[in-house]
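Common to both upcoming complexes is chain A, partnered first by chain B, then by chain C.
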Partner chain A sequence: MNNLRIDGSKQTPEIDFNGQTGILKISGRSIPENTFEFFNPILLWLDTYSAEKPAKVVAKVKLEYFNTSSSKYILEVLKRLKSFLNDGCDVNVEWYYEEDDEEMMETGEDYQDVSGLPFEIKPIED
Partner chain B sequence: MNNYEKFRMMMDNHIMLSFKGEITSDIITMVLQIMETRLDAVSEKGNVRKKIFNVLVECMQNLYHHAEAEDESELNSRKAMLELFYDDDYYYILTGNYIKNKEIPPLRDRIERVNSLTKDELRQYYREILDNNRISQKGGADLGMIDMARKSGQKLDFSFTQVNDKLSFFDLTVKVSKRKED
Partner chain C sequence: MSNQSIYHRELENLEQSKQFLKRNEYSKMELQLEFKKLVEHYEELIDQVKIITKISDRLQGKLNKTNEALELSNVQLAELNNQLNQTIDELTEARIGRRAATLVMIMAIGLFIISEVAIEPMIDDYFGDNYFVGLSLKLIVAILIKPGEEFTNKYMLRKARKKQLAQAKLRMGS
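What follows is the complex of A and B.
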């Protein structure tokens, strides 16, 4: 399984999905105008990965901020992971927020509820 | 008015940025960079800064996706306006763009609904739309207005000015409190 690596930019987050370790990292900001173009390859990678039946996956989400059109796709990523979970994979989401960023913490809670995945919501330690 | 008077007026009104033209991807990036510098200069940080950024991104992406051209015969003339200023209590983010008259009723309904909700209700509404609505081609999925109301913690101030039988001008002003607790 190839890893998926996308460098971060002013508008898009850094993606570091490792098919061997099952550690999937998203970090930075996500504010592209054309969200589909950015997220579609990520969703396709996850579809391919699911065929490998990984035993354990940890998603580490560390976003500074994102626009509302990204928020839909972030949910799509989590829904893919939910189907991993349903297939017997051990899935965990680590949702990070900056200490004073209560909104990003609440957003984590929103995603936890909506996705039905096991979440750990924690402040970024300096 | 001479340029000095214009300059004084911009200073006195604490205008941080004023733009008229088509909102492109490059302009969005540039405006965010400029605002980053401006907010550094007034040492605005953390929470308030992030709120301003969030609202600004949504506002500009609304203009990017939804602004109509004033004259259909002119290509690439989806001109819009954007302005940022502050007073003692708030930052103000103003946008203006042309909109088709027939698109007004659903937009008005959506903003009025958003304005009628409490903080907790907004959160509930956001979750509902996040989970249920399909992603539109433009990616909007109706979350923008809800998000701006949530992030700003303020009612959205809006109006429509009819320009002709096809178009109106859509005014939107979003305030972000300078105080953290609001």
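What follows is the complex of A and C.
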């Protein structure tokens, strides 16, 4: 399984999905001009990865800001992870936020509620 | 994902339901199943809209807070910039004031020497031993020192400001 790596920019988050370790990292800011173009390869990668039946997946999300369409795609990513969980995979989502970023912490809580995935919401320690 | 849309799955579901409606006949069971599916999709869609709207509003609030903080920083920066400009102006004025005073003093000394060396003998030749003519001339020179200093000061300040403005324009241009 190939890894998926996309460098971050001012408008797009850094993506580092490792098929061998099962660690999927998303970090930065997500306000792409074309959200579909950015997120579609990520969803396709997850679809392919799901066929590999991984035993353990840890998603590490460190986002500082994202736009509305990105929030829909994040939900889609979490749905994919939920299907991993339903297939017997050990899935855990680590949602990181800056200590003074109350909004991002609450957003993590909302995603936790709606996805039904095991979440750990943690402040970023300097 | 051939349909390049953020809502491609939802649109697919809708299309399936539309296709079902186009059929001429369907059994009660089929109708029930299709309706159940539609309700499930609708429920899922409402859940999505609710969560996305909530998150979007919250992040909009975060953005507004950041903008407000940025605006405040800009105001503070402008105030600091004003203070800095004021201090620079005051320093320039003080520096030029000192230069103008020195220049006028040199000119006064020069005039005094000229009057002693060149003009006094001429006055003596024309007016003889008239002490008041020479004294009046020196008095006029002494009275002109202060306005002369102010004029020189103003002239040099104007010149310095023009230079500063030209430098600022050059910096903005580059």
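A few points about this structure:
Note that in this section the second predicted complex is superposed on the first by the 126 of 126 C-alpha atoms of A that agree within 3 Å, B and C clash if a C-alpha of one lies under 4 Å from a C-alpha of the other, contacts with A are read in each partner's own complex, and residues count from 1 in each chain.
Note that a contact is a pair of C-beta atoms (placed from the backbone, for glycine too) under 8 Å apart; a residue touches a chain by one contact, two chains touch by 3 or more.
Note that the structure is predicted; figures quoted are calculated from it, not measured.
With the two structures aligned on chain A, chain B clashes with chain C.
In the superposition on chain A, contact is made by A:L44 with chain C only, not with chain B.
By the touch criterion stated above, A:E106 is placed in contact with chain B and with chain C alike. Shared-chain residue A:S30: touches no atom of chain B or chain C. Residue contacts after overlaying the shared chain place A:Y65 against chain B and chain C alike.
Once the two complexes are laid over each other on the shared chain, residue contacts for A:V114 go to chain B and to chain C alike. Of the two partner chains placed by superposition, A:T12 touches none, neither chain B nor chain C.
Once the two complexes are overlaid on chain A, the chain A residues touched by chain B in the first and by chain C in the second are 35-36, 65, 67-69, 71-73, 75, 101, 103, 106, 110, 114.
Interface residues of chain A, counted against chain B in their complex, comprise 10-11, 31, 33-36, 64-65, 67-69, 71-73, 75-76, 98, 100-103, 106, 110, 113-114.
Contact residues of chain C toward chain A in the complex are 1, 4-7, 47-48, 51-52, 54-56, 58-59, 61-63. Across the complex, chain B meets chain A through its residues 25, 28-29, 32-33, 46-47, 50-51, 53-54, 57-58, 61, 64-65, 123, 126-127, 130-131, 133, 135, 138-141, 143-144, 146-147, 150-151. Chain A contributes residues 35-36, 40, 43-44, 65-69, 71-73, 75, 101, 103-104, 106-107, 110-111, 114 to its touches with chain C in the complex.
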